[in-house]
Each structure stands twice: as structure tokens, then as C-alpha cells.
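Note that subunit A is present in both complexes that follow, paired respectively with subunit B and with subunit C.
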Partner chain A sequence: MSATPWRRAAFWVGIAVWALPFAPLFLWPFAGSWLFPAPLPTVWGDRAWSYLLSPGARVGPALLNSLSLASAVSIVAVLLGLPAGRTLALARLRAGGLAYWIFLLPAIVPAQAAAFGLHATFLRLGLADQWLGVALAHLVPVLPYVVITLAGVFANYDVSYEQQAQTLGAGGWMRFRWVTLPLILPGLAVAGLYAFLISWSQVLLTLLIGGGAVTTLPMLLLAFVNSGDHALAAALALVLLGPAFLVLGLATRLARAPGALGPGGRIA
Partner chain B sequence: MSSLKVSALALALALSACAPVAPSPAPPTEAGATTGTGDSPPGYAGQAWDDILAEARGQTVDFYMWGGSDVINRWISGPVAEHVFTTYGVTLNLVPVSDAPEFINKVLSEKQAGRTAGSVDLMWVNGENFRTLREGELAYGPWAGFLPNSALVDWSDPSVANDFGYPVDAYESPYGKAQFVMIYDTARVPEPPRTVANLLAWIRANPGRFAYAAPPDFTGSAFVRHVCYHVAGGYEPLLGAFDAQVFAQKVAPCFEQLQALEASLWRAGETYPESRARMQDLFANGEIDFDMAYNPAEASSLIAQGRYPATARTFVFDEGTIANTHYLAIAFNAGDKAGAMVVANALLSPELQLSKADPSGWGDLTVLDPQRLPVEWSDRFAALPRGPATLSDAELSARRLPELQSDWLAAIEAGWIEHVLQK
Partner chain C sequence: MTRVSLLGVSRRFGRTPAVAGLSLEVESGELAALLGPSGCGKTTTLRLIAGLLKPEQGDIHFDGRSMAATPAERRGAVMVFQHPLLFPHLNVHDNVAFGLRAQRVPEVEIRRAVSDMLERVRLAGFERRRPRELSGGQAQRVALARALVTRPRLLLLDEPLSSLDPHLRDEMRALIRELHADLGLTTLLVTHDQQDAALLADRIAVLFHGRLAQHGRLRDLFDRPATVEVARFFGGVNFMSGTLDDGALASQLGRLRLAEPPPGSGPATATIRPEAVRWLGAGAAREHRCNQVLGVVERVVDLGSFRRLTARAGAVSIEAHLRPDEAAPVAGQVGVFELPAEHLWVLPRGTDDNCPTRAA
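The block that comes next holds the complex of A and B.
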């Protein structure tokens, strides 16, 4: 390596400029008192954590709701998005462009616009205030990203691999398990990651459809951000960050499969 | 249905028979009262308070409230939930929201969808939100007068009987009192200006050191009303129903004053802090020299949390500051009305009102009338320690100004946006 010292210094300055704004996020949760112009908290304390760990803070149930919602929504979205993405990319539909835009629509229309109608419908169907209703509502903003990501994957996909396997006598499941899945796994992981993160950070739909009966982490976070309690907001943000990073790590691992297709392709 | 009720009553009686004797000096109203002072609430004709207690046992009350304060959340889900569970067998479930319209919209959509056993039981509201509930027929009632502990409230006090000028009519039960205070830091401003006129002069003499949150922020809007009271020569002309003529004559000059003041405000009034939270930040970080709050004990609580400097103090204007009451309402379709009433009654009990007023916790002013309390309780309220920045009850109550009706509030907020913000 021929990295000159000043180059290395520039690298670390760049890292610092990028990372410094995040430093308060890791300091605030442990700050007892942090008033301007002190560069660091003047008093350290555990007020935020002792509250978050108390049963009254309901962080446990909220974490469970957030995790179960995001996981279920990702799995269902990928299962639904897989055939949709494949068809959009490979089936040469007569109205392919139109279908593509229809799939994209929920991502373009502001969620607020759709949310109130959705709520009224879900109330009539008895889905409001239910975990199931919230999960279904999350699918609305999640699906477009999953479908488009997977359509991108299939755009670079060569069906002749499957045909080859078929010639060699492989059945439908075997073809999917040993040919299709390894090829698209990285794209699948990225689509799942999008789905997880979008559901994980959803506030408006959860609030409206769940009506407070289904409490998730971002809802707790919002209440403290609005009230300006930095210590609690930062502590909750850290709690929120953990699982998101775990899923990100998992997805990047899966996306590194050799010889497979990434999500970067364009549909024809 | 009725046999179920009877067996529930029998169970409740059996349970209360083996319940241990309450240790602390229980208020007489909780111990033996069988009926409240008012008529039976709708749906409970001919029933006594004991019947409501019996029905409430085993219910889960979903309490929708602003959840942005760990101190308040802790108090509700800790001591209050414990008290109502062990005493009445009612499970209290706190549902935190970031703004009251969230649950009001929820009740509204439940009404539109014709849902009968609704999910919202108890709601923490006042002012505009209560009016919305009443005018949309979203509030259950009248029920508040039926609570045994409502006898401890002075209903002849107009600031209790009217919620921002809107008659309460027993559709909500008082919960706590608030009074506007100004917050300052003695290390920066040793002698604060104690009248609105002097404050305005101070702002002009110290450009860039003062800000107020842009209405419709609750606190910023209250500050604007104080200036308007001052410019109108007192609140009296603005009381009663909205009058466009009086508004044009008395309030319009107030906007001119505030417009002229802009150049001396923080960032020369080009922008206003958008919320109370932002105001707290600016004050704590020394960018502005005054903050304001609706809870007179809030500054003390923020000092205790390390969020405000220990030298922060509060004052009220010599001409007085606006005071109001906050309340508990029950949704028209609440699934657990009896449980909600039992919780509201418990929150009105001397024990919980005292624990709520404790400055080491929430420090919210009580709605109970000391004259109506047994002496041992009024003594305990009087003996409450005060935070370092909290004014005495006497000083606060001697300087209380009434709130205006919501129509006035809305007109002043709209007028401020048109004549001050957009100019």
C-alpha cells in the first residue's frame, strides 16, 4: 500500500466529519445534565435508561410489536413481490409500463392521503386496533419498494439457466431451490431489508390503524422527540437502531453470495 | 346479563370484605360514600356509586394521553395504576400519544364507522379539544358530578366550571390546574421585568434575546394573549362570546405591537421557535433569556432533571397570568365507562392529587378546594415542599387571569399568523 500519511489523515478527517454529528446520539442517553456551551455532559446519569427499563415505559411490548410487524411484513412482502417482480421484468406484458406505475403508486401518493380511507375501511372490517390490521397497512408503503427491487433483479436474470435445469430433469421446486434462489438471493435480501426498514420506521399508519392499541417503538420515540427530552429520545433511538443494524448486517451477508444477481438492474 | 352483574357485585362485596383496612388517613368521601352529588350518569339510572365500582372491577381502562413526559408517564403507570388495581380491581393501560387530536380523530372515525364498544375509554383534554369532543357529540356524559370526590371540587369557581369558556356541564372531571409563568435565569437576568409593559421594553433594549413559540403552539399562543390583554387594557373587554367589532378595535393594535417587536426578537423575528420543546432548548443553551410554561412547577422539575441551570426561576406578571384547568373526559362509546369513572374518581382523590402535586414528581397544581378538604389533608397539601423555582400557591392564586373562549383563541391565532408571521 502506498497511502501517504496526509492521505490517511484526510481519510480520518472525513470519517470524523461524517461521524461527529452522530456522537450526541451516543452521549445524550447517559447525560444527567448537558447545557450549552459544555462540549460534554457535565453530569452523567441513568434517568433515561431507568425509565426505559421500568415496566411503565412499555418498551418491551413496543419492541415486540415492532419486531414482529417488521419481520412478518418483510416475509409477506417478499412472497408477494417475488411473482410480481418476475412477471414485470420477464413476461413482456402488453401494458407493462402501466403495471409498473400502478405498483409504484403507493410509494408516490403521500401516505396521509391513503391512510384515512384505509382507516375507515379497516374499522368496518374490524381490522382497526389490531396487530393484523397494522401489518396489512404496512404492506401498502412496503410493497412498491419490494416489487421494484425484485423487478430490477429479474431484469438481469437469464431464464435459460432454469431451462437448462429443466432439460436435466429438475422439477419446479428443484429449479427454484437450486437455480433461481441462489441467483436472486442477494436481491431478495435487499428487498427484505427495505421491507423491514420501512415497516420498522412507520409511524403514521401504525398510529392511525393501530389507534394506540398497537404501540411500536417509533411511536414512543416520537412522543419524546416532540417533548424535547433529548436524553430519552436518544436512548430510544439507540434501542431502535440495534435491530435495524442487525438486519442490515444480515442482508449484506446474504447479498455477498458469489455469482448472483444484485438489485441494480433495470427492467426493459 | 343482569345475573352476571349480580354475581360481579357479590364477588366485589366478598373481595371488599376480606380486603385489609386502608392504612393512611382515608378521606371520608372514599370510605363510605354510596352516591355522588350529581344525578346518575346516562346508562346507570337508579344506580349507586357502589354499582359502578362493582361493574368496574375487572375492566381494563385505556387512558389516552399526551405521553411526552417521562415524569407523568411514570406516575400514571406506576402509583396510579397500582392504586386503582389494588383498590378497585381496575387495570389502567396508558396509551401515549404525541398530540390530543390523534385520539379525538380516532373517536371520530369510530363514530363514523358506527363502532359501539370503542377502544378509547379515558382521555386527557381541555380547551379546544374538549369543545371538539362536545360539538362532535364524542364525549360521554354528564357523569363527573356523580363521582364521590367531585364534592371536594369548588364547582362555583368559573375557571373549573368552564373549560376555556366552554361550560363543562359534568362532561369532564377536573384533573389538575395550570397557570402560565415566565421562566428566567438569575445568572443572566438578575431582576426580570415583572409587567408585560416592562417586558416589552426589556425586549426592545436587548435585541435577539427573547422569543416565543409560534402560535398555535399552546404556550406561544398564551404569551400572545398576555400581550393582547395588556394592549386591550385588560382581559375584561375580551370575555364572553366572540365579537368581531371588539376584536377589530381591541386586538388589532396588539398585532401591530407584536409586528413592531419582531425586529428585537431572536433572529430578528425572521423565524419563530416552532414548539415549546424548541423554546426549552434555546433557553437551556443560553440563546434566549426567557422561557415560559403552563405548569408553574415545570422549571423546578427541569432543574431536578439537569435540563435547566440551577439558577432558573419563575415569575408571574404583576397584572396576573392566565390560568386554566385540565380535565378527564370519557369517549361516547367507551367500552369500559364504569372503569373510566372509577379511575377519574381516584385521580380526584386527595391521595393521588397530593402525590401528583409533589414537586419531586409531576408537581401539577391540585383542583381540590382546600376549604372542602378534611383538615389533615389540607395541612398535607400546605406542607408540600416546593421546588427551587416554583412560586407559592398564594402568589400564584393572587395573580390568576381567565382564559378566553375558543373562538377568541382561534381568531387571535389566525390574526397573529396573518398580521405578524406573514408580514
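The block that comes next holds the complex of A and C.
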């Protein structure tokens, strides 16, 4: 009993230690001037925002690129990952363990290592400096997480539900739409979330394959951080957070679908 | 109503044959049971009929038409599995409606058919419940309703009772019988439980090692088993080998007269149900008559509804089940057993040539 106030104190200290470093992120964007010893900005202002919103900052096209890349990469990765994850988990492959590690490999080896070879190949194919080339390159670090997540979902999946539906007269599409999809939806949402966030935060790959022709938000952020303009960098970081949290919220909602199989194979 | 014919169907898993050259007829409207120990290929047979597996050899006919090119979803053979497999994201109504929606039946008709079927399985008013809000017995009844509401050509039950508590099993058996009588669907029940088969099925097909060992009524399987394995499966323990000769079996126990001697002669094995063996009383002095055997009692165990007596006559062990009110000997006594001619049965196929029998 006497431990409770201590525990409560420890909890708030923990929260403070975790949250305080983020505080400047929310203060800087609204700072006109903030010199070192001052605990709060000395002058408040909207300089950062008015610059970000100006056409010269090119935040709009970058946001569009980032959103379209992350969305397209998520969808393609999930579409490719579904059959791959299912086969890895359900078909008793003779070299199943090996296949699993091969799928995992791009997550272990930094994608940048592969980027140079990829760039050379894409140059020959005319994919370098293109949105499509960047999207394809993003699939390299994204796919392992999607495939492994979905393999985890299918590891706890009971094919009997589909067979039951089939003997009840359901064809392939009806089985997928009304049986398989609802059962794996939470796991699918988590896999999609991973895909979106990994693509969303790519900088080097985008830079190397896109050659600067395809600008995304993290690239702008990198530029602002390098320039030492804290207000601009913090403001853009907030912009970067928005869609990420939106997707996280959406995935969490889907993951709570009643009666479906989560990534841990738990029936919710 | 559909007549099902299996014509020399074979299916292996890897190198292991699960079903080997199985031929079987299930009459239209019949409730037939596939009975056998686990691993005998009965569930594989059901999946082959449903179309969830393809036979490697042989063919399956519904009403004389080959089903080889018909996928499972168009066979109208609905399976009810051991576990209810209710779709967890759908409520009871939508679960039962699933098959009708697959057939694109209008929603108005679906609602009527579903509530009618739920009433038949005594679950009226459960439409809005989620599967996780149902007990095991209720869930299995919903699964049955979901299968029956589609009016399938064929109902395939894969051990639907084995996951239920004993009192629920009785209820479910009664329900299956009742629905079968009402709807007259050709029904195939897979079970490893003799009681399920006896209480539900008109005829029983006994499977061993993916082959049909015997197909018939329970009485025949008990009294006239085709092989040692079938006899053993139904609790047969007494086997006497010898030579057939002039309507009698010259065996290790002497000459045993047969009420129904099979034609021909040569080596043969006879069996007798333990409840048909009679204990005539102690004493070696009794005159040696036809079909009477002198034996040493080894053990007498009271099992409540009967007493089990094991005895040894030379190299042969004899088991007899005595009614509790019959006089029973004690271990060590020597006495006379009678193996009545009308209960001795010569196994027509002796031991199965394709499978080793366990040691006696």
C-alpha cells in the first residue's frame, strides 16, 4: 500500500523523462527567437509556418510524393506479402526455414548497401530519378516486414474455415472476401502500417534512386536540419508526424475488428 | 437425395496411402457411418467426397455422375467438422445464412429459412448472438443448421460429436436422427465411436488402413465379422484356428461343430463373442461333449453389468462374459466351457493379408 505514492511518482518521472525531450519539437515551430539559456522561446512567431506554406518551400509536392509513395508501396507490399506469407506459414516447404531467412535478409542488410547496384540497374531500365523507381526501391526494405508479419498471422490461421465455406458453396472470391479477409484483417492492418511507416521514413534510398528529382518530406527535413534552422525543422517534423499518426490510428481500429485474428494469432 | 458411389478411390499423403482402392455405395437417403480407428482414412474419405481432396485413382459418383471435374463449392456436399468453425466475425444469423448467400437466394427467403432452421435445432431467438457467446453444444447446433439450411445433396459429418460432453452427445445424436428423418438427406457420418455409429447409422462401413473391411448392419459386424481386425474392433477376443472339414473346425480345442459351416475346406479361423461363451461349472470329471472345452480359470473381474472371465485351454485363451446372476468360478479352478455351435463364426477372409494383426 505504501508503495503506491512512490509508484505514482515513479510513473510521472518516467513520463517526464520520456516526454520532455519532445517538448522543443512542439515549441520550436512557434518560436521567433529562442536563445540558449532561456527555458522558453523569448519571441513567439509564425515564421516557420509561413515559410512552409509558401510555394517556394515545395512542401506540398513533397507531401504528395511521400503520401503517394507510402500508400502505393503499402498496397503493393501487402498484395505481394499475402501469398508469400501464407505459403511460408501454411505450405510445408522443404526449405521453409531457408526461404524465411531469404525473405528476412533485406531487413538485416541495410537497403542502402543494395541501393548502388539497384541504381545502376534502374539507370539502364530508365527507372532512376522516377517516382516508380523510388517506389520499387522502397519495396526492398518494406517487404521483409510485411511478409514476416503476414507469415505470423497465417501461422495461427485455420484453413478449415475456408474449407467449411467452400463446402457451403462459396467460390474463391467469396471465400476470400467473407472468410479469409475478415479473419486476417488486423494482421493485414499491422503489416500495412509497417509498410507505410517504413516507406514514409525512407531518406537515403529516395535520395539515391530518386537522384533529387523525387522530393519527399524526410528529404526536406534532412535539408532543414542540416541548415541548422530549428524552427523550420521542428515545424516540418510536426507535418511529418500527422499522417503517420493517422495511419497508426486507422490500423489500430482495424486491428480491433471483432473475432478476427491478430498478428499474435489471438482471437480478439 | 443422392446416391454416392466410390469406385476404387485411392489417395496418398506423401508415401503413406490414406485411402487405398476404396469402393463403397451409400444409398439415397441413407444415414451411413464410416467407422474405424484414427488414421484409418475415414476423414480423408469424407474430404474426397466433399471435393476438398482429389483422388489419385478411382472416381466418385453422385447419382451415377462423375464428380471428378466438379469443385467442392458446386457439389452440394456440405461438411460439418469436428469443431463448429462458426465464422467468428458473423453473428448466428449470418453464419447460418452463409451458404444461402453463396447460392444468391433473396434475403427475404434467407431470413425465413434461417429462422425456421434455427427453430429446428432449438435455437430460435439466437440470431443476433456472436459465436463466442455460445456454448459448445449450441455452436455445434448452429454449424448443423448452417449445413442443413442449404438443403445439400449430401450431408457429411466429420466426428461432430467428439468434442461434446456426454450429455450433449445424446442430445445431438437425437437431433441428427430427427433431422435425418425429417429431411431425408443422404448423410455420411465419420466416427471412431461404435456407439455413435450404432445409434445413428442404418449401415456401417468399417475402414482399416484405408480399405473397406466390412460394410453392413451392426449386428452383422458383431456376429459375423469379416476379418480378425473387425472382430477385435467390436470387442472380439476369442479366436481359434484350425482346419475346416465336413461342417466342423478341427482346432487346437478339438473338434468344434459349426451351425453355419462355410463351403469348402482348408485352414480357417473361427471366433465367438465372449458373451456367447458359457461356463458349465467346475470339475474335470464331466464328460467331454461336442463344443465343450476344459480350461483353467485365470482371472474373474466384476465389471458391474457383467463378469469377465479369462481362462486358458492349452495354448488358447478364452474369454467369457457372464451375467452377474450366473454362478462364476474363482481363479485357479478347472472347468468346462461351452462354445455353442450357433455362435461360432468362421471368418470368411481370415486375417487381412495387407495388414499385420496385433499379437493376441
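Please note the rule applied: the second predicted complex is superposed on the first by the 247 of 268 C-alpha atoms of A that agree within 3 Å, B and C clash if a C-alpha of one lies under 4 Å from a C-alpha of the other, contacts with A are read in each partner's own complex, and residues count from 1 in each chain.
Following the convention adopted for this analysis, contacts are C-beta pairs under 8 Å (C-beta built on N, C-alpha and C of every residue); 3 or more make two chains touch, one makes a residue touch a chain.
No experiment lies behind these values; they were computed from the predicted model shown.
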Inset, instruction - Check subunit A with both subunit B and subunit C modelled on it and let me know: fit or clash. - result: fit
Legend entry - subunit B versus subunit C as contact partner of A:39, first or second or both or neither: neither
Legend entry - First (subunit B), second (subunit C), both or neither touched by A:110: neither
Legend entry - Geometry of the superposed three-chain model: angle at subunit A (Cα centres of subunit B and subunit C, steps of 10 degrees): 160
Inset, instruction - Return first, second, both or neither, reflecting whether A:55 touches subunit B, subunit C, both chains, or no partner chain. - result: first
Inset, instruction - State whether A:211 touches subunit B only (first), subunit C only (second), both chains, or neither. - result: first
Legend entry - Per-residue touch tally on subunit A - higher for subunit B or for subunit C: B
Legend entry - Which of subunit B and subunit C A:21 touches, first, second, both or neither: neither
Legend entry - Which of subunit B and subunit C A:174 touches, first, second, both or neither: second
Inset, instruction - Could you tell me how near the closest CA atoms of subunit B and subunit C get once both structures are overlaid on the shared chain, in Å? - result: 50
Legend entry - subunit A-facing residues of subunit B, complex: 62, 64, 66-70, 73-74, 76-78, 81, 94-99, 102-103, 105-106, 109-110, 112-113, 115, 119-120, 275-278, 280-281, 284-287, 305-309
Legend entry - Contact set on subunit A toward subunit C in their complex: 158, 160-161, 163-171, 174, 178-179, 182-183, 257-260, 267
Legend entry - Partner subunit A, residues of subunit C touching it in the complex: 50-52, 71-79, 81, 83, 85, 87-90, 98-99, 102-103, 130-132, 146-147, 150, 156
Inset, instruction - Show which residues of subunit A lie in contact with subunit B when the two form their complex. - result: 31-37, 43, 45, 47-48, 51, 54-58, 116, 119-120, 123-124, 128-129, 207-208, 211-213, 215, 219-220, 222-224, 226-229, 232
